[in-house]
Amino acid sequence: MAYTVNGNTVEHDEEGYLTDLNEWSEDIALEIAKAQNLEMNEERWEVVNFLRNYYDEYQVAPAIRVLTKALAKTMGPEKGNNKYLYELFPYGPAKQACMIAGLPKPTGCV
Amino acid sequence: MSQVKKFLYVNRKAPYGTIYALESLEVVLIGAAFDQDVSLAFIDDGVFQLAKGQDTKGLGVKNFSPTYRALGDYGVTKLYVEKEALAERGLSEDDLMPVTYEDENDGFAEKPSLIFVDRAEMARVMAEQDVILSF
Amino acid sequence: MSTLHMVNKSPFERGAMQSCLEHALEGDGVLLFEDGVYGAVKGSAVTGLIENKAGSVKVYVLGPDLAARGIAGGRLIEGITVVDYPGFVDLVTAHKGTQSWL
């Protein structure tokens, strides 16, 4: 299974997570979002980029509770809460935002 | 809501030769969702997990050592490290990577998570627990 | 004819490196890899095992396994040679046979 971007194919698993996170690009993120019926806007990019930076530093995708707390601290309480994140990513910020960010499924996410 | 229990994860294995260290870390991250009083102990070869400067590019396996630095975000802020285990392995406290957490009750002040204890103190830490998980 | 002995277990957890060194003959090589590389560090409780064999057996250690575990070259016991993967292959071909100490 693969996404096709600019003529290139990028492998993903049965749920849609990239097999190799090094293959991620912004164009691929747009393609994954499209497959999730989401349109990328500034707010969604903000979360996706935050996740990528977190993974880059700690080599782990944060649990949802860790994500909301960290967003609340850096971007304020109006963005660091479950309601805001579920409005952006209705099927779950951990699932959809991590998938668009090219990260593995968060540890402990079922 | 049940009462908070004291959980201790005891790490006794070096990081890459076996899967124990990574498995332990993943269980800690998952278990952190249950809001218990969680501590980690590093004894025997487990102290090697915290060595600074790990670079696994040549092995082609994931370097998971940066994830210990995320434990503070998960509310895991007590990492007990046994002094004798370090000394026997030719390691000093400076050979370990710094692990810190932000104390929400103290204006997000950054505080060290590593607690260096001798063998007798480690024995007491283990005796105080409700649940011990061994890796 | 010489043998290349291979040790991949931590010397603090098992006796593989000690037993290997005690059985290695003069002129043999000992290659430490995977968790065996922890035996190559000076100033530990097992440093003496290798130092006692200095001049008798030649000790090698696999570089990528050192790097993964954060062990800098300056922390190795004097006289130990770091090899890479091609060097590992060269060692195998340069000895008559290999013996693993699991």
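Labels for the chains are A, B and C, by order of writing; each one numbers its residues from 1.
Operating definition for what follows: contacts are C-beta pairs under 8 Å (C-beta built on N, C-alpha and C of every residue); 3 or more make two chains touch, one makes a residue touch a chain.
Because the structure is a prediction, the values reported are computed rather than measured.
Engineer: Pick out whichever of the two, A-B or B-C, is joined by more C-beta pairs in contact.
Structural biologist: B-C
Engineer: Which chain is most central here if centres come from C-alpha coordinates alone?
Structural biologist: B
Engineer: Just curious, how far off is chain C from chain A if you go by their C-alpha centres, in Å?
Structural biologist: 44
Engineer: Quick one: chain A and chain B, Cα centre-to-centre, how many Å?
Structural biologist: 28
Engineer: Show the residues in chain B shared as contacts by 2 or more other chains, in ascending order.
Structural biologist: Residue numbers touching two or more other chains: 63.
Engineer: Please name which positions on chain B make contact with chain A in the complex.
Structural biologist: 26, 29-30, 32-33, 62-64, 66-67, 69-70, 73-74, 108
Engineer: What does chain C use to touch chain B in their complex?
Structural biologist: 8-10, 12-13, 34-35, 38, 41-45, 47, 63-65, 67-72, 75
Engineer: Over in the complex, which chain B residues touch chain C? Could you list them?
Structural biologist: 13-18, 44-45, 48, 51-59, 61, 63, 65, 88-90, 95
Engineer: Once bound in the complex, which stretches of chain A touch chain B?
Structural biologist: Going by the criterion above, the answer is residues 54, 57-60, 62-63, 65-66, 69-70, 73, 107-108.
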